[in-house]
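Accompanying notes for the structure given below.
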Amino acid sequence: MARFFKKRDASIGLAPGSLVFIGDKKVEGMQIRLIDYDTEHLRDEELRDIQSGAEALKSNSVSWININGLDDTPRMRELGTTFGLHPLLLEDVLNTGQRPKLEEFDGVIFIVVKMLRLEEGLVIAEQLSLVIGPTFLLTFQERPGDVFEPVRNRIRKSQGRVRISGSDYLAYALLDAVTDNYIQIVERLGSQVEDLEVEVLSSDAKPDVLGKIHDLKRELSFIRKTVRPAREAIMQFSKLDSDLIRPETSPFLKDLHDIATQAADAIDTYREMLSDELNIYNSSVSNRMNDIMKVLTIFAAIFIPLTFIAGIYGTNFEYLPELQYRYSYFIFLGVMAVMALAMLGYFKRRGWL
Amino acid sequence: MARFFKKRDASIGLAPGSLVFIGDKKVEGMQIRLIDYDTEHLRDEELRDIQSGAEALKSNSVSWININGLDDTPRMRELGTTFGLHPLLLEDVLNTGQRPKLEEFDGVIFIVVKMLRLEEGLVIAEQLSLVIGPTFLLTFQERPGDVFEPVRNRIRKSQGRVRISGSDYLAYALLDAVTDNYIQIVERLGSQVEDLEVEVLSSDAKPDVLGKIHDLKRELSFIRKTVRPAREAIMQFSKLDSDLIRPETSPFLKDLHDIATQAADAIDTYREMLSDELNIYNSSVSNRMNDIMKVLTIFAAIFIPLTFIAGIYGTNFEYLPELQYRYSYFIFLGVMAVMALAMLGYFKRRGWL
Amino acid sequence: MARFFKKRDASIGLAPGSLVFIGDKKVEGMQIRLIDYDTEHLRDEELRDIQSGAEALKSNSVSWININGLDDTPRMRELGTTFGLHPLLLEDVLNTGQRPKLEEFDGVIFIVVKMLRLEEGLVIAEQLSLVIGPTFLLTFQERPGDVFEPVRNRIRKSQGRVRISGSDYLAYALLDAVTDNYIQIVERLGSQVEDLEVEVLSSDAKPDVLGKIHDLKRELSFIRKTVRPAREAIMQFSKLDSDLIRPETSPFLKDLHDIATQAADAIDTYREMLSDELNIYNSSVSNRMNDIMKVLTIFAAIFIPLTFIAGIYGTNFEYLPELQYRYSYFIFLGVMAVMALAMLGYFKRRGWL
Amino acid sequence: MARFFKKRDASIGLAPGSLVFIGDKKVEGMQIRLIDYDTEHLRDEELRDIQSGAEALKSNSVSWININGLDDTPRMRELGTTFGLHPLLLEDVLNTGQRPKLEEFDGVIFIVVKMLRLEEGLVIAEQLSLVIGPTFLLTFQERPGDVFEPVRNRIRKSQGRVRISGSDYLAYALLDAVTDNYIQIVERLGSQVEDLEVEVLSSDAKPDVLGKIHDLKRELSFIRKTVRPAREAIMQFSKLDSDLIRPETSPFLKDLHDIATQAADAIDTYREMLSDELNIYNSSVSNRMNDIMKVLTIFAAIFIPLTFIAGIYGTNFEYLPELQYRYSYFIFLGVMAVMALAMLGYFKRRGWL
Amino acid sequence: MARFFKKRDASIGLAPGSLVFIGDKKVEGMQIRLIDYDTEHLRDEELRDIQSGAEALKSNSVSWININGLDDTPRMRELGTTFGLHPLLLEDVLNTGQRPKLEEFDGVIFIVVKMLRLEEGLVIAEQLSLVIGPTFLLTFQERPGDVFEPVRNRIRKSQGRVRISGSDYLAYALLDAVTDNYIQIVERLGSQVEDLEVEVLSSDAKPDVLGKIHDLKRELSFIRKTVRPAREAIMQFSKLDSDLIRPETSPFLKDLHDIATQAADAIDTYREMLSDELNIYNSSVSNRMNDIMKVLTIFAAIFIPLTFIAGIYGTNFEYLPELQYRYSYFIFLGVMAVMALAMLGYFKRRGWL
């Protein structure tokens, strides 16, 4: 459960702006991929060195440089210097325990969000950092594998607006993929929540329902911690008064904010449903308990007095007159039958049967 | 329960603005109805093709074009091009999982709300999109059948202000019908809530009350998710600084917002009542349980010691002096009667009887 | 419980501004009373027709026209036309399910609040609408009988400032009477809440406490729904930048807002106290239950093993050596006494006695 | 418990601004004390008549007139007229059920707060009204005895800044004493809350803990109702843009607001702690209950079957073969021992022992 | 638990600005350490008298004077006079029960925060006051031992920006160390919360879990009371429009605010997790209780009737016909076996086994 809070021990006491990788997953080295395009040209290749990336940035075409793997600190430092990134920006990129946020640093927009995936019921978050410049977009991921393949394909096939738009639209397209990813994860957890509802209301809910509710609640809390600040960052992005955002991109960003709001709303709805399910489960457990107790009460309350009467006639007193009458036994049986029926009637009248 | 969240899988990864129908209910094809009116003329007919609708829009009279059925994507694309609608607007129209909202797109006001209906205790939401232009109003519904017949009749019979007002008033009139519809649904659920209250407070509440409370709570949550953003959108509508809204329509929009607020308040009140009912039910269940337990306690506590005493005199010890006295049995009965009365007195004094 | 929400069915589908009476209580016809005064003159009479009221309005003296009974729709329409009231204003007057609010309509201030009264433990709300003009005040009530008699007397006897002030002060005086009325109702319910507290903390609280708590909570919720928007409306009134409000009336309106805030605070305090009382009650019920269970446990745990031992010596085995010893019975009794004492000691040590 | 809401019945229906004393405690007559000082002179005496107070007010030195006892309405009216106080201000002074607040009336600042004291576990509030003028300060208390003696001594001994500052600083000094008083009361209740925590966590918490928690919660609610609006009033005071407040007093007022915030925070902390304690208490009660139930279960579950077996061999069937074998009894004892051990083992394995 | 609220009794009634030390821990005397540096020079020594500190302040290099030990009131007063500190500022420094805050006093920025450390599971807070001037920084601590050693080392070794920046950056560096300290403490408590989660969900959670949850909750509440206002103060610091803050320090302060927000978020997350754990624990306790009760019910319900039947045939009635049949005993055994199986079947069908 270290997911809830990345250990920062490594960076405690260091000078601010020191580059320390904070996180768990490591890949071998750093992978740099450049996709450089305008309406007419397209360059799509793996880069060997940081320098050639820096050259691509200078062109007027949109240059998207994606970096996988953040734990090679010296190369990250080189990258920071080559691309002219603020030390605090770079520190934030490396600290994968960052809260989603948007910040402006000398002429670039810096956005941090999380990409989510489900692994054996646990939601795993991977940090994605975007640096949006006038004609370029840098993206930093912790490891290979992302949700951007459809965007890459649209660039390659010149689908949609992406080839005729700038780096702001590209950033939007990537964030759109991330937000769609949120929706998918929330939907998947949500359908588990809805399945649980049926189980909870059924009469044979098992005690492990409790654990399932707790697990789902924890995962939804985890996602909420990711989605809410991401939505805030997106809202800031859509309202930013910056030369880097073209006016025609603005409605797309508003739309993006709508989708993030939808995801956040759905999370709250599902969390509320889980709370309701917990209440229902607890109520139905105690209802069933009550049924069991009622049966015990009825058995005990009927047979305990009868057993006592039988006990009386089981005593060995020498002078116990009733024992000698010929029909004593049958009267004894009859009296007990009447008592049992009387008690059943009483319980019925009280509504306990 | 897929009602809480429309699956977006179909659109994941597509370029933004791509037209994909997201939703469940489908009708055969697309129905287009034009009602075109001014104070003097009225045209009310089913249109076969989109083009003739576009021509109607050019007139100075108010043209209300209502489209039923959204899943014919190619025709929707044609419609978008013909009427000059922004791709994101059209995407929102087709995504029936949209959150109610108001947006302005190049010279038109775009409002999304939900129409509700009750089907076997479940609230079903159908999306209604309105596009308000200077002299026209486009409305999009998922399927035929709506709450606008009274408005159509008022247009046909020249009742009220609708024939002497513009497209803004027509939009208001439709939204008024939708809000009245909310009130009706809330009222119907509310009267179930109030009926439940009587049942809960009665002494023979059945365990299925729990399920009923849960169902009503879920439906009210569902409506709330619909009504609250709708109210927000209506408030934005009433405060919009736009040429499309005539000053004389403004008090009507404020009134509309009042009604939506009333609906939202009523939902909260009923939800609160349900919570109270749940508490009352739980308390009364445990109260009844306590009554049952008390009876058990009293029976057991009285008869268990007596049975033990009878057991003593049921032993077969050869030398058990009490057995030989002539009045032993009667003394034995008397002692037990005294013990029983003493215990009854003790329980009475403790207030357990 | 239809108090929580007035049925609007009658008006569904009608054109906005249509006059429909929505409410329960009806009186015979409509009563119109005029009190017209300035510092020197006073006219106080029942009016037969609406027209003569309209004439009174034209004078420079303050004209207070109070209308009792709203269900005579044609006369209401006549009244609206004669006094030049906006159709939406008149619709709101007739819809007695209105939420308290303040609105400005062409040169008049329109305020809706509720008057409350207690009837057999239920709070009944009656709608009061005020239309404040430059020299007149129209008030609309559902039925005769109100809390304004002291104000009328002050006018008649020239007490206080009312005769030397305008229609705004008169409206303030009436709203002050309404707010005092809130305080009285809240006080009365509050003293019931305080009485319940004593009952709940006593050891013999009866189960009907639950119902009483619930009833009081519901009534307080009901009042809160009335007082909170009324307070808002009063605050708007006190801050309104309108020629209709003289500067010297302003501190009185602020004071009015203070009193409404006091009422709203008291409602919240009492609701909180009720929640606490419910918790206390539930805790003390389960405490008492625990006491009962403890007694059962001790009786059962002590006597069940003893009875078992007695059972052993009640068996009829032919060879059961202990039975023949002369002191067996006394040893048997002694052993059981020791066991009982040991168990009592154990329970004592565990703190269960 | 009439502390929560002062009865206003006496003033219902009266003209606003009517002087009616609303409150409980009455003293004999009205005591007027004047402390008039500047850097050099000091006059400190009991005044017999209101007129001589009014004369003192005219001097340029700071005149602090403190009035004890508010129920002599005619003298209060005389005082109002002599000192030129607004009727609403005077009405507020007399209504001791006032909510703490700050108001500006023609050239004076009017502040209402409460002084608290603990009497047998109950917090008693006494209303303090301050009227701050350019060179004077009027304070109104319900009865003699206050927390201002240290301030008076500082004035008399020329300690601190008070003799070199104006009426605004004097008002600050008094409010500072009141806020210190809040801190003291909250501390005293808080230490009770902390003592309760120890008691609740101990294994022998008594049921009266419930009542104690409830009492402390109620007292803290009561204080909160007093401190929160007082803090608001102090904040308004510190931000007031008024000639009556000298710039050098401003940091002191900010400090005052800090202390009030500290008191309000502490109240919330203690209330939260009480809620936690209640939860802990309830949990530990049900934990103890569970322990008791477990013992019952184990005793009952072990001995009930054994008793049954003994019962079988206690029957008087003529042909019951086992009875005749010589070792039957010992086999019988052995079987029962094995059964008892098996069950103990089962319970152990389930973790119930 | 006096941690929650420092006793102010000592200062009650004193003139505002009076210097009184409020707190627990005392050290012998006062330790003054000066670190004076610019890009080239460094002076790092213990000062004997206050006067020499005051001289250091006059230089253009950054002078950091750290004072350990606050209870030597006369020297504190001397210090205040020598350094020209506002009396209220000095009073706040001495009152170690201060709420974290930022204030501006004639040309200096005054910040109060808390340093935390864990001692045997309890969080101990020590107050740190910073006075930021144009070229100097005063810090006040209650006792020696702090989290600033890394900062001192960076100054000594000229690492990072600190030697090339001003007093604002130094204050930032110290606050950064404090915030890192918060993160560390929260992490340590958080990992305990996460460990508890595993324990709570396991089947053999012990009752002391309750105490642990309560303890952690209390510590987190305590930290929250410290971190939240500290975050506010940091936010004010980052937004302050003051000559004392250089523009290049601004992004660092924003970053600081991010970290404080992260700490506050983590606290809330862990508190929420604790609440969930408490719910889970309570639910699982009652689930286990239910299991125990079920066993009791089944044993009791099966054997109680059987024992009764055995009791019947244990009676000594002279005429009890069944006793004489040869196979009575075997029929009797058979009947009882059938009854037991029937009941087991019934319980199975009800889902109780």
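The letters A, B, C, D and E name the chains in turn, as written, and every chain counts its residues from 1.
Following the convention adopted for this analysis, a residue touches a chain if its C-beta (ideal position, glycine included) is under 8 Å from a C-beta of that chain, and two chains touch if they have at least 3 such contacts.
The model shown is predicted, which means the values in this text are computed figures rather than measured ones.
Student: So if I look at the partners of chain A and the partners of chain D, which chains show up in both lists?
Tutor: A chain counts here if it touches both chain A and chain D, which gives E.
Student: Do the two copies chain D and chain E share over half of their interface residue numbers, or under half; same or different?
Tutor: Different; most numbers are used by only one of chain D and chain E.
Student: How many angstrom lie between the CA centroids of chain C and chain D, rounded to a whole number?
Tutor: Comparing mean C-alpha positions, chain D is 26 Å from chain C.
Student: For chain B and chain E, let me know how many angstrom lie between their CA-based centres, rounded off.
Tutor: Comparing mean C-alpha positions, chain E is 42 Å from chain B.
Student: Show the residues in chain A shared as contacts by 2 or more other chains, in ascending order.
Tutor: Residues 286, 293, 296, 300, 304, 307, 311, 314-316, 320 of chain A touch two or more partner chains.
Student: Graph of touching chains, which shape: line, ring, star, complete, other?
Tutor: Shape = ring; chains linked end to end, path closes on itself.
Student: Starting from chain D and heading to chain E first, what is the chain order around the ring?
Tutor: D, E, A, B, C
Student: Along chain B, where are the residues that touch chain C in the complex?
Tutor: For chain B paired with chain C, touching residues are 149-150, 154, 159-162, 172-173, 176-177, 180, 183-184, 186-187, 190, 194, 197, 201, 251-252, 254-255, 258, 261-262, 265-266, 269-270, 272-273, 276, 279-280, 283-284, 286-287, 290, 293-294, 296-297, 300-301, 304-305, 307-308, 311-312, 314-321, 350-352.
Student: Could you please specify the touching residues of chain B with respect to chain A in the complex?
Tutor: For chain B paired with chain A, touching residues are 1-2, 4-5, 7-9, 11-18, 86, 88, 91-92, 97-99, 101, 103, 105, 203-204, 207, 210-211, 214, 217-218, 221, 225, 278, 281-282, 285-286, 288-289, 291-293, 295-296, 299-300, 303-304, 306-307, 310-311, 313-316, 320, 322-324, 326-329, 332-333.
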